[in-house]
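Structures for review follow.
One chain, chain A, appears in both complexes that follow, with chain B as partner in the first and chain C in the second.
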Partner chain A sequence: MSETPRLVVGPFNRVEGDLEVQLDLAEGRVASAQVNAPLYRGFERMLEGRAPSDALTVTPRICGICSISQSAAAAQALAAASGLVPTPQGALMAALIHAVENAADHLFHFNLFFMPDFTRPAYAAQPWYRLAVERFAAINGAAGRAAIEARTQLMHILGLMAGKWPHTLALQPGGVTRAPGPRDKLRIETSLRQFRKYLEREVFGGSLEEFVALGSIDALMRWQHGDVGLFLEIAAETGLADLGRGSGRYLSFGAYPLAEGHGFAPGLWCAGTLSPVDPSGIVEDLSHAWMLGGAAHPFEGQTEPDEAMREVAYTWCKAPRMKGEPLEVGALARQVIDGHPLARELAGGGVLARVAARLLELARTQILMEQWAAQIDPAGVFMHHGAVPENGTGAGLVEAARGSLGHWLRIDGGKIASYQIIAPTTWNFSPRDAQGVPGPLEAALVGAPVMEGEDTPVSVQHIVRSFDPCMVCTVH
Partner chain B sequence: MSQIETFYDVMRRQGITRRSFMKYCSLTAAALGLGPSFVPKIAHAMETKPRTPVIWVHGLECTCCSESFIRSAHPLAKDVVLSMISLDYDDTLMAAAGHAAEAAFEETIEKYKGNYILAVEGNPPLNEDGMFCITGGKPFVEKLRHAAKDAKAIISWGACASYGCVQAAAPNPTQATPVHKVITDKPIIKVPGCPPIAEVMTGVITYMLTFDRMPELDRQGRPAMFYSQRIHDKCYRRPHFDAGQFVEQWDDEAARKGYCLYKMGCKGPTTYNACSTVRWNEGVSFPIQSGHGCIGCSEDGFWDQHGFYERVTGIKQFGIEATADQIGFATTAVVGGAVAVHAAASALKRAQKKTEEA
Partner chain C sequence: MNILWLQAAGCGGCTMSALCAEAPDFLETLEGAGLEFLWHPALSLQSGAEVRVLLESVESGETPLDILAIEGAIARGPMGTGRFQMVSGTGRSMLDWVRALAPRARHVVAVGTCATYGGMTSAGGNPSDAIGVQYEGAHVGGVLAEDYRDPTGLPVVNVSGCPTHPGWVTETLMLLAAGRLREADLDDFARPLFYAQHLVHHGCPKNEYYEYKASAVQLSDHGCMMENLGCVGTQAVGDCNIRPWNGEGSCTRGGYPCIACTAPEFEEPRHPFVETPKVAGIPVGLPSDMPKAWFMALASLSKAATPERIAKNAVAPRVEVAPTHRKPKGRR
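Our next item is the complex of A and B:
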């Protein structure tokens, strides 16, 4: 190896959207990485000049996988601009609708996007290989099929309460359009009971309460049941704990805002300490993105593509920073910030930590959804009404399955004057900033082993997928 | 040709029993609106015909079509269709990655030259030489042209591929362009909707795979069996429209009683789709049933027609049944050119069933 060998990995499949990663190698390891999001559509530009309420229809179409998250953020931004707060029952239904999508996303990530990588021929000699293929072979694996089936059943709740999925219209600034009747409540509870059965039988191989009660990594690694047990066995043998370790700096806007507080708490986690989130500290840096303009807070920022695609830049993705620092977002961030003891131990971890936190959150979300379903009051009020003002601003800060999602809306003369979006993968897959600091994925890839002759290194695949990227959201 | 398996082979290899296979055939016939006499025909076709390979590509899009597709109501149909597709090429669901995936793509095109169906999800952005959507180092539009060259027919999945959808909304920053404006020399079937209904997608693809031809299309190139009626025509809230009972505000008493959402901006009266009959998420519900009006997502240009909450004006409320075609014409003034075609089409349809077969 005389000069630095360079490897371009991509396109990635089993990832929503398009992605390319350029790797510089040295001594069989990744020395530095550049992440490129090669797809740009310009949603923020299309929203300018439209009626503010159009955001409810347009933004979900950024992404067919987390459309409800986009819809929730748009509704919250409009509510903030209009001075509206959803009714308690409206917020409860919105939380339930959103949680169904997030749980479904976690389930799919594990079964269809992440685990199939362990069925690659590179692992054929491993003792667990046969079982992995049986469960997780792409498209034909038993686990994948069961997951598709279970998710379809779970999504009956969305059919019922949100009309259709993807791209529901039921979430509104003041609540939800559909007031559930007693019969709906019963059907929701039945769907949730079925989903719990599936989770306990196939995914966890045991009681969700027992899994949620795991308080340490040691206890976690002793969990031997279900597909989770198989994953943990594979993780222990392939060293996933140390692969792609993160910075340990996490952000969560707080998931599921309810009258009595968030389902999962908001916060900022840096070097082992928790502090409140100050959204005014967010700046989008454009130094390495094919975007024109200076670094700015999303209320002031714009999205002006650099059609010359200047040399120093390498992606359409902007680089969001919180007070100058890149942050990792997602289930791990949320669970660490919410203070779950297992997640706190996993903080700063790599592939194992991200995937385990997602599984933990899946179990906790199911338990939350059951509690919320029990609290549905068909006699309640599900929507507050209010007019969108002629002029104003509002931010919608929510948690999508993949992490913190923000919409920043400015209304002028009854029309949208500017609309800026920072999606979870924009945080995680951000390029370098003006100081040359790499984004979380770029940093996590450094040190990943690359075997002789590997052109799509499995270690890189595992790390990239552990973030559960959603590229269409990244650059919208 | 003989080395290509039949559908039946594929199904049996998937561990599907003969009994389930026959059930699948009758369900397919029902879904396609064909009588019971077609069941043996479908069975025979599937037993004897080599399966048609499908290449599924993604351009500028959000994957909502795939998401919808894999939740199709009948697990068998989805399994079968998915396994047929998986044998060939699909960049979101398949197992191979990176360059291996690109190689599989080339290999499939080469192997089934002139004989495969190209399913397109999303569309190519043409601005700046297509640089806004790059896959495998090349603009998607090149990949699309390349794959289309040797395709037997093309399916445009969803509003993106059929019409452009929201990513083509003014000012259309990337010049997102529907497939039929880029590929002009191949038969194209449009299956619009954002996303299309899962059962409509499996229905169309099963029909094409089974009979080796396109279903009857309407003037816009959509399968007539799913897109020949307005949402409004079969809406369960229609009696409230006729009775003049409307929701004035969400979550008001009228909303709880399930009155008509027309005054809330419902586009059901000008939208041709099967939502009010087939419904969504395994027939559970559809947008109007969840209390929100239809936004007309299967219509050309739905993303740039006034606000989504503005009422469609100019519809006569009573005596609708007698003047359905007039309604079609009346709405054109509001909704614009796209619907004009429908209005004409619905008037003509009864007179002459126009078939545009591949």
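Our next item is the complex of A and C:
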């Protein structure tokens, strides 16, 4: 028998952080995939023994692209441990700050990370190729340039309310550090108005309300305007709907917790059925990670790197499982669980579904941000204060742009005794577990076509980037 | 000039921050100065095998390299192997690649406090045994030795900051492109003086509170955060309050303390970040170049002279008492 051809794909760029993918091929397709997160820094260990409040300074620095998500999770974990609830206006402002980051991340993913792959020479014969190059060529594409400018302007909201981005200390367990005045509210509304103009002109080529009203895949595929229209044309012609299909099992911790409920609802979606999230069912399996110790819930978990890097393991990433099952997280998961009719039709889909759901969420997030800006009360109370207890536990379960992010904190004698983190890409790019069940990306890659002579298969790149991985968060 | 940008053990936030550059944006600013990316991990098209070929061609000297920009600290662990960060697809560690590529570069720029001194990646016992490109914390000598100099005589240029301000990065690169950065333009920790000669205190909107030692007691109070909330803006280098961030922001403008993220070893203040350590009720971290006795004397005088407006506003979340005005004398 001949040896199975094997490809090692890396360095994998236009993903945040380091990623290597190993592919076994058979008959021009991926037969099996192994995903390796090749960077270990040990943030969980750095936190041990520190003052609990230091988590707000340290954890955002896990990731420079979803820094505020890390802040939000740390603030929520500390609030839970302290029995503190943010003021309603504080929660509103924290949601707005967080939503700006998430919208910016979705925008960059589409324009700078995902779409440039369609400008590869492999597509030169396609009728849409010239337009794709004009809009999405890496570094020089007009859409990428416009996205950088629009994001910079949108982030003025963060300069105003969060001091700077990334790595702010503005999000606190009891709310936010800066109380906006009347003119701050106006500046926020002005920035959001500009951002909407840009989205409607360049990205969607039409009204956001019309886009979020699309109720089916058929209706979606008829959207011909803007860069979204170009993407949908490309998607239809290159078969992105069936490329890298997911399991259809989704998790969301719920995005933007406000006094009146979540901006996007929490839930667990399995085989077409929605159920509540039970975080006690989460276990991290270490069988194929260079980590020592047994499988455990994050409140009991540990992070002890296997410095010998044993042969059977192949990544620094642990394998989180919910009641034994891998789950996909991200914008598609959130929109399916929130019940959007288009997303419900996209459930279980592949590259098209993930990217379309992210665009849907971008439009919906803009509308939410505008509503929240209108609700800012310049005379309101933006922060509660309370002491962190000497002993206690707390979990912070939030939604980053890329999916569900959890922080599990244990305080002993006024110091952090244990801090465990499961990031979105830890779920999506997890390795196999003890039962040999692959993680969501590993499963989605099986069957991907590999052309003769391809050493970095373009189909694999589309699938990997459709998840919008954040590798620096994955292992942390 | 071309730039090869590598992301070592860090968060990628310095790239994300640089992309917030304004007037014009990051890419236009660099283009205008004759700078282009040979490869950037977040921006370039090339992936996988194409990048391996490129890295090898720079290593062999076949492709000339003007600026090697490194973001993130360099992991030496486990056990000195560097295998805590393998450059994917190459079978070699980032440590190995930096050692191989740096001698080929006309200039080496460390972007961010991780790349410069180890930074947050080296916090809390330094699990990955990470160091900076030419420093280990405040000690000179990192992956590259203390006596490393590039072909033009410059050490590694340390653009520290967590993250770096977009302007610090673009202006350093532009000065290098123009041949206008000399060793004399760097401070003791090899940071460009154009931003490192300022203190975060300069232009801080809380200056009036500082003058009267009218202090915030808790986060969300409007007053000066030096006495109680760990703010070290009077000692930290950076022009953060002279040219703000993301439009009009800075840490102190955002209502939280400066933690001296531009400094070596900022990640280990040996006290909670947002608490000021005190001895007998007196903050230990006083302005570094002022005699302590003078500071205490001035502080007690100014505290005694604090106007009611300032005292009230210092402990409120927003201005409660506006300044009062004297009527001009000249007219009726």
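Rule of thumb we're sticking to: the second predicted complex is superposed on the first by the 474 of 476 C-alpha atoms of A that agree within 3 Å, B and C clash if a C-alpha of one lies under 4 Å from a C-alpha of the other, contacts with A are read in each partner's own complex, and residues count from 1 in each chain.
Rule of thumb we're sticking to: a contact is a pair of C-beta atoms (placed from the backbone, for glycine too) under 8 Å apart; a residue touches a chain by one contact, two chains touch by 3 or more.
None of the values given here were measured: they were computed from a predicted structure.
Model built by superposing both complexes on chain A: chain B and chain C clash.
Judged by the touch definition given at the top, the superposed model places A:Ala138 against both chain B and chain C. Looking at the shared chain after the overlay, A:Gly175 reaches both chain B and chain C.
Common to the chain B-facing and chain C-facing surfaces of chain A are residues 8-14, 16-18, 38-42, 45-46, 49-51, 53-54, 56-58, 61-65, 67, 112, 116, 119, 137-139, 145, 148-149, 151-152, 155-156, 158-170, 172, 175-179, 305, 307, 309, 316, 381-383, 385, 455-456, 461, 472. The part of chain A that touches chain C in the complex is made up of residues 8-14, 16-20, 36, 38-42, 45-51, 53-54, 56-58, 61-65, 67, 112-113, 116-117, 119-120, 137-139, 145, 148-149, 151-152, 155-156, 158-170, 172, 175-179, 181, 305, 307, 309, 316, 381-383, 385, 455-456, 461, 472. The touching residues of chain C, when paired with chain A in their complex, are 7, 9-17, 19-22, 25-28, 37, 39-52, 75, 77-79, 83-90, 120-121, 123-125, 127-128, 130, 162-163, 218-220, 240, 244-257, 259, 261, 267, 271-275, 317-318. Residues of chain A touching chain B in their complex: 8-18, 38-43, 45-46, 49-51, 53-54, 56-58, 61-65, 67, 112, 116, 119, 137-140, 145, 148-149, 151-152, 155-156, 158-170, 172, 174-179, 305, 307, 309, 316, 381-383, 385, 455-456, 461, 472.
Interface residues of chain B, counted against chain A in their complex, comprise 14, 60-68, 70-71, 75, 78-79, 82-83, 86, 91-102, 125, 128, 131-137, 165-167, 169-174, 176, 194-195, 249-251, 255-256, 275, 279-282, 284-293, 295, 297, 303, 307-309.
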